[in-house]
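Both complexes below contain chain A, partnered by chain B and then by chain C.
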Partner chain A sequence: MAPTDQPANLTEAAVIRSDHKMSDFWRRLALAGLAILLSLLFGAVAIFVSGKNPVLAYWSLLKGAFGSVDSIAFALNKSTPYILTGVGVALCFRARVINIGGEGQIAVGGIAASWVALNASDLPGFCLIPLAILAGSVAGAAWAAIPAAMRLTRGVHEVLGTLLLNFVGLLMVSEVLHGPMGEVGAGFPQSPLFPEQAWLPALVPGTDLHIGIILAVLAVFACHFAFWRTPFGFRLRLVGSSEAAAAYAGVTFARTVAGVMLLAGALAGVAGAIEVLGVHYRLIQGFSVGFGFNAVAIALLASLNPIAVLPAGLFFGFLEAGALAMQREIGVPSSLVYVIQGLTMVFVLCAIGISWRQQRI
Partner chain B sequence: MDYAVLTELLSASIRIATPLLLVALGGVISESGGTFAVGVEGMMLAGAFGGAVTTLVMKNIAFGLAASCASGALVAAVVALATVKFRADHMVTGLAANILALGLTSFLLRGLFGGKAPVIVLPTLGNISIPWLSKLPLAGPVLFDEPLMTYVAFLLVIPVHLFLRRTQAGLTLRAVGENPAAAFSVGADPDRIRMVAVIVCGAFAGLGGAVLSLQELGTFTDGMTNGRGFLALAAIIVGRWMPIRVMGGCLLIGAASALALNIQGWGLPLSSYVIQMTPYLIALAVLCGIGRKARMPAAIGRPFIRS
Partner chain C sequence: MSHAEVGSLARLEMRGIKKHYGAIQANDGIDLTVMAGRIVGLLGENGSGKSTLMKVLFGMVKPDSGTILFKGQELCNHTPRDAINAGIGMIHQHFMLVDAMTVLENVMLGWKRTGLRVQRNQIAQEIRQTSATYGLDLEPKAVVGDLPFGHRQRVEIVKALLRGADLLILDEPTSNLSPPEINSLLDVLRRIAKQGRGVIFITHKLGEVFDLCEEVVVLRDGKVAGKSLIAGATRRELAHMMVGRDVSSGLERTDRKAGPEVLVVRQLTLRDSSGRERLRDINFSLREGEILAVAGVDGNGQTDLVDTLAGLKIPSAGAVTMDGREITRATVANRLRSGLGYIPVDRATTSLVPGMTIGENIGLRDFDHPPYRRGICLDRRVFREQARAKIARFGILARDPDTPVQTLSGGNQQKVVLAREIGREPRVLIAFQATWGLDPGATRFVIDQVIATRNRGGAVLYISSELDEVLMVGDRVGVMSNGRLLGVVPRDEVDLGQIGLMMAGGCDDLATPSTN
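Up next is the complex of A and B:
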């Protein structure tokens, strides 16, 4: 068997199967549930090893996530950037473009939005906020364009391109905060507070919940529609399932890859903008750390289905919110979230690998 | 440039290249067998953690080094199992291993010590002067007055090179990376070979992590590898999967970083953050420069399926 006959298993497996069959839907749901369950089980072992009671820990996590209106608002705010970035990653993976540069794209999106919020502060809010978000999306897309161009013109694999640029993006945040955008005399690297009209309005008055989650939900539905019902989405699916078939059908590989990278970058940039405008009200150092990898875990848990990114993103948002409460309450380190994330990814990847094998035989 | 500056630059290049080189050698072994080594960042971090914690508890750096190998290999075992037995996607599995290692090390650093991260201060491996040779001008202080793991890393290049080019096992490994079906038809077991290669890669990467925690910094902090594993991956591509050239790639990244650090002292209007970006930017620039000339093992990233 020639090596080219073998598919690069991740996306091919996802693309070959039709996503509209009902039985398939339940199978995927069961798969995601099983992956989560196994990860939580391993997490319980880790909690036990660290000398704490896993049942108490998970109970405190659950309370921390759903215990009050405030905690739910906090968790929804947490989920917002994950969902936005995750849906972009899911589309990229569908076209077999392994974009893992969410973290850097969020970082530069945050920088651009912050710059607008600080420098166009005489605009009224209904102009300023959209402008800042737009700036974030343009910056995110531009950042994603770099690895896309490297891949298409110089053959540099996008995994390395996006990963290395993540570090550069994070350092750029530090750079602007210690230079032009930093608050003088603050103990922590941060920008001055944005003017109040640049703050994202609250969705539910009296809580911290901002309108970002609405944008995230809209983005998910738009991507779902674009993926299944537009020529662009069809090209993505075609490139993902077979480059040769795509070329035969007249689909330009380069244009599709560039398109999906820019789209994912723009979505991540919006996530960065929302994070600074809606949560911190300023640019702070390291605000995007971990978000990009989170997005990959979410996209996988959603089996690369745009619409399923919504529940998957909510799951990780609530998990993280709950874990922070668990750390405060009973001292179980919140880095447990990363353990659970990593394990979930491994289990989902294994399951995708197996199901592809079964199909083939 | 005067003599003292040159000596300092060259030793800094070697110091920075050492952990990269160990990780990159492991990566070459894994990728020669056809498994992408994106997980080396996590294996390296696990190694740094295992080494630091074991040395802290056992008060013995030799146990620490052994533990770093074992920790790296443990993370690698997860990757090996997922990619070989379950045919999971190599790139994303590697990424998952990185997240898992980041989470586990950070969790255990607190969990094992009663909820709060301990302050770890370890004695670091000191320089070993080679008698006579270390007195040579320039080469002496740069090449023959280095800590233990630096000698180990650079001396390992030769056996790894010979293993891949001159031994039966090494040739079989490369055959599995190029065409597993052909290797299978002459009696090799591609799955087993790949799993062993990935786990050996983990041990190397773990040792690379130990260089950071036990030789350079004498401590462990969350996420301390900070992308060094990815830089090592870039060095592998620069070196086109050949150990001696890969060493050149590591030294190139090391030299660029050393130069950037040195420039900081010149009083140029560059902030320390821009300077910290240089290793990543240099790696990207070099990758772009190489372009499509790099030819990776033909069957890399593809599972072997008996037909």
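Up next is the complex of A and C:
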């Protein structure tokens, strides 16, 4: 190796490096901004075609998302389950485990938390709430353990396992509501109202904002730390980048996959518990519908970066809150709301997709 | 030997084929003549230019210069499709078949004659006929995935024959076949030649050449090292043509007396999921301060041997002991802790994670232990410090420990691997094709590091398909052939002819029924 080729090599490395770290972040941000702009533009066309005024519609969307303390509280509550479930999904995807079972895991977590809230109602709140949330996380993890075991022992792909168990989880909510946990004579499949000490305390008195968002933020930071700074995260990154390299490094594939599935299941289970304890104060049919798949979208929106799930989840929560207001006030059909949400996702994902290949692992 | 008088009958005449890749002259003026009804063996080591020559012929690679005449017509700037239309059939080492489809469907796939309206029955009938003529024993309705390996190869042969191949090229066709399958393949090829078609049989196994071919062309370093009619050739002669070189090391190595045995391997056997033996009764020992270098053509069980020793595959029988402790079934982590270093061949997916930093790659196999691990956390400072020390010690050209490994050159990437595996001062080091894809400077660096490990008292198993390296590095030298480790001898007792014979499977009576 001739000493003369050293300077050339070093400059090259330096260029790649600075490109890698600095400009990449801003480029991604600019692309994301462009994507949101484009989706709003297309959405405006769709609103115009449906006979409404796009400017008014977007004004009400903005007001619905940020217009008042109540609307912000509503949006934050909406974001909470997205963030919790999304960060778990992001970790799974990082290890190349395609877990799309968030919906079922939320459902089962909700059932378990409800059962605790209804049956241990003589406990004081500071015991009852942690216990119910814990029950939710254990149930969610157990639900995720099934497809993990199917994958590791029988080779059933986790996409299939998690997807199918979603339906089972949803139907189980129906089942318990029509049976042991249903409210007699309610006319709608729902459980009796939880005792008040089981309700999640408000974060800002006088609003609906509950402490769930705090848990979600803590979970994101914990996952970020675990992913980048612990042996567990190192294993995930290894398994995700190359199974051969993981085996060479002495990492057990099965243990790693099982670990991340259980973690994601537990996080989704907590999301389920928070939904029933903090929003509905009871178990109701279909409370988890759509959360699981939105969580996948959010994880992808965050480039599978645990910390980025926070803004991605908030973006989704606020967008949804605003869109609902738009529907309520301007009468934009609800299907159009989903169209705008979908467009935003498509554009943002396209923008991110461009820079994905250079992503750090 | 003059073929001038039969030149007019020649199916194929390649003249002065040259092709270079970068600084490497893969084909350096090769002539090759194949006559109708003849089976020509093309013999040579890895990298001797066999594959390049055939890719040129088949139109997959454009030669720098040279002419190709096939059935009197010049092939020039042709594509594989043109080659097929002209009547050249190529059976690749890795089959181009769709496992989930039937034999019939595979034959029809991508064939113009099939047309828009698929003539299933007619083609099925033709497959049956061809199959009967050549003794292929193929049922058109069988699903390819259910067929044994030998039969899948026959599907490729039928494909080529039905497309009207007058010249059949087979690239290492026996490398994945069992002995009985090899025998029936040779029978099939004899019948094909009898019908007046030409066959080029690419191999590195001498036994098969003597069994099947009428003439043989030996390639070495991109040139024709010799050609001969089989009738007038001896094995030793051909082996020497194929390997022919001096054992000039040009390497300074101190004599060192080997110490006590460190790694002992006894009767190691490995079967794959289909029950075929990948490793057969391997016995050897490594002593302190000694390098056992193993030569051999790729695919003779080297990968299985190193993976089994490194703990990535579990042997079916036999025992491995290290410092008297049995590690036959020990985990990778346990082996690491007892001081077993391993340099795998594949940098891109095994020994390195290209997207991770130098620091993370240095700690790749030790991250779960102190100093890298502190409590439940990884100590990033330690990763950086270790990397900084290794960058300095091994002269890795990189600005800092946070540089992603994928931005380094191949030589510097391999230095990262060496820094990790040799840096831990292993009791036993397994180096598998450690110089693969490196330029001469980096190759030399790797070899120097391996020898330094041996001088420090490490026991080294050095496996390479580069015979020069094996002869340069080894204190003792052996050959892997067909899943067995053969003829381990001290370096001053090395007999090149013998090594050539072993590499060419000439000593393996199981794989090749010998006639000479």
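One rule holds for everything that comes next: the second predicted complex is superposed on the first by the 307 of 361 C-alpha atoms of A that agree within 3 Å, B and C clash if a C-alpha of one lies under 4 Å from a C-alpha of the other, contacts with A are read in each partner's own complex, and residues count from 1 in each chain.
Here is the rule we go by: a residue touches a chain if its C-beta (ideal position, glycine included) is under 8 Å from a C-beta of that chain, and two chains touch if they have at least 3 such contacts.
What you see is a predicted model, and the numbers here were worked out from it, not measured in a lab.
Chemist: Touching A:Ile133 in the superposition: chain B (first), chain C (second), both, neither?
Modeler: A:Ile133 sits against neither chain B nor chain C.
Chemist: Who does A:Ala297 touch here: chain B (first), chain C (second), both, or neither?
Modeler: first
Chemist: In the superposed arrangement, which partner chain does A:Leu238 touch: chain B (first), chain C (second), both, or neither?
Modeler: After superposition on chain A, A:Leu238 lies in contact with chain C alone.
Chemist: In the overlaid three-chain picture, which partner chain does A:Val339 touch, first (chain B) or second (chain C), both, or neither?
Modeler: A:Val339 contacts chain B only, not chain C.
Chemist: With both complexes superposed on chain A, which partner does A:Ala273 reach: first (chain B), second (chain C), both or neither?
Modeler: neither
Chemist: More chain A residues touched by chain B or by chain C?
Modeler: Of chain B and chain C, more residues of chain A lie in contact with B.
Chemist: Output check: A:Val257 vs chain B and chain C. Expected answer is one of first, second, both, neither. What do you get?
Modeler: So A:Val257 meets neither chain B nor chain C here.
Chemist: Once the shared chain is lined up, is A:Ala112 touching chain B (first), chain C (second), both, or neither of them?
Modeler: In the superposition, A:Ala112 contacts neither chain B nor chain C.
Chemist: Please report the chain A residues shared by its interface with chain B and its interface with chain C.
Modeler: Comparing the two interfaces on chain A, one with chain B and one with chain C, the shared residues are 1, 6, 9-10, 360.
Chemist: Spell out the part of chain B that touches chain A in their complex, as residue ranges.
Modeler: That would be residues 38, 78, 82, 86-89, 91-93, 95-104, 106-108, 110-112, 114-115, 179-181, 222, 226-227, 230-231, 233-234, 237, 271, 273-274, 276-277, 280-281, 283-284, 287-288, 291-292, 294, 298-299, 301-303, 305, 307 of chain B.
Chemist: List the residues on chain C that touch chain A in their complex, please.
Modeler: So the residues of chain C touching chain A come out as 310, 312, 331-333, 336, 342, 344, 346, 349-356, 360, 364-365, 367-368, 373, 376-378, 380, 395, 397-399, 402-404, 407-409, 411, 441-442, 445.
Chemist: How about chain A: which of its residues touch chain B in the complex?
Modeler: Those residues of chain A that touch chain B are 1, 3, 6, 8-11, 46-47, 49-52, 93, 98, 100, 150, 154-156, 159-161, 163-168, 171-172, 174-175, 178-179, 293, 296-297, 300, 331-333, 335-343, 345-346, 349-354, 356-357, 360.
Chemist: Name, in rising order, each residue of chain A that touches chain C in their complex.
Modeler: Chain A residues touching chain C: 1-2, 5-6, 9-10, 12-14, 16-17, 20, 229-231, 234, 237-238, 241-242, 244-245, 247-250, 359-361.
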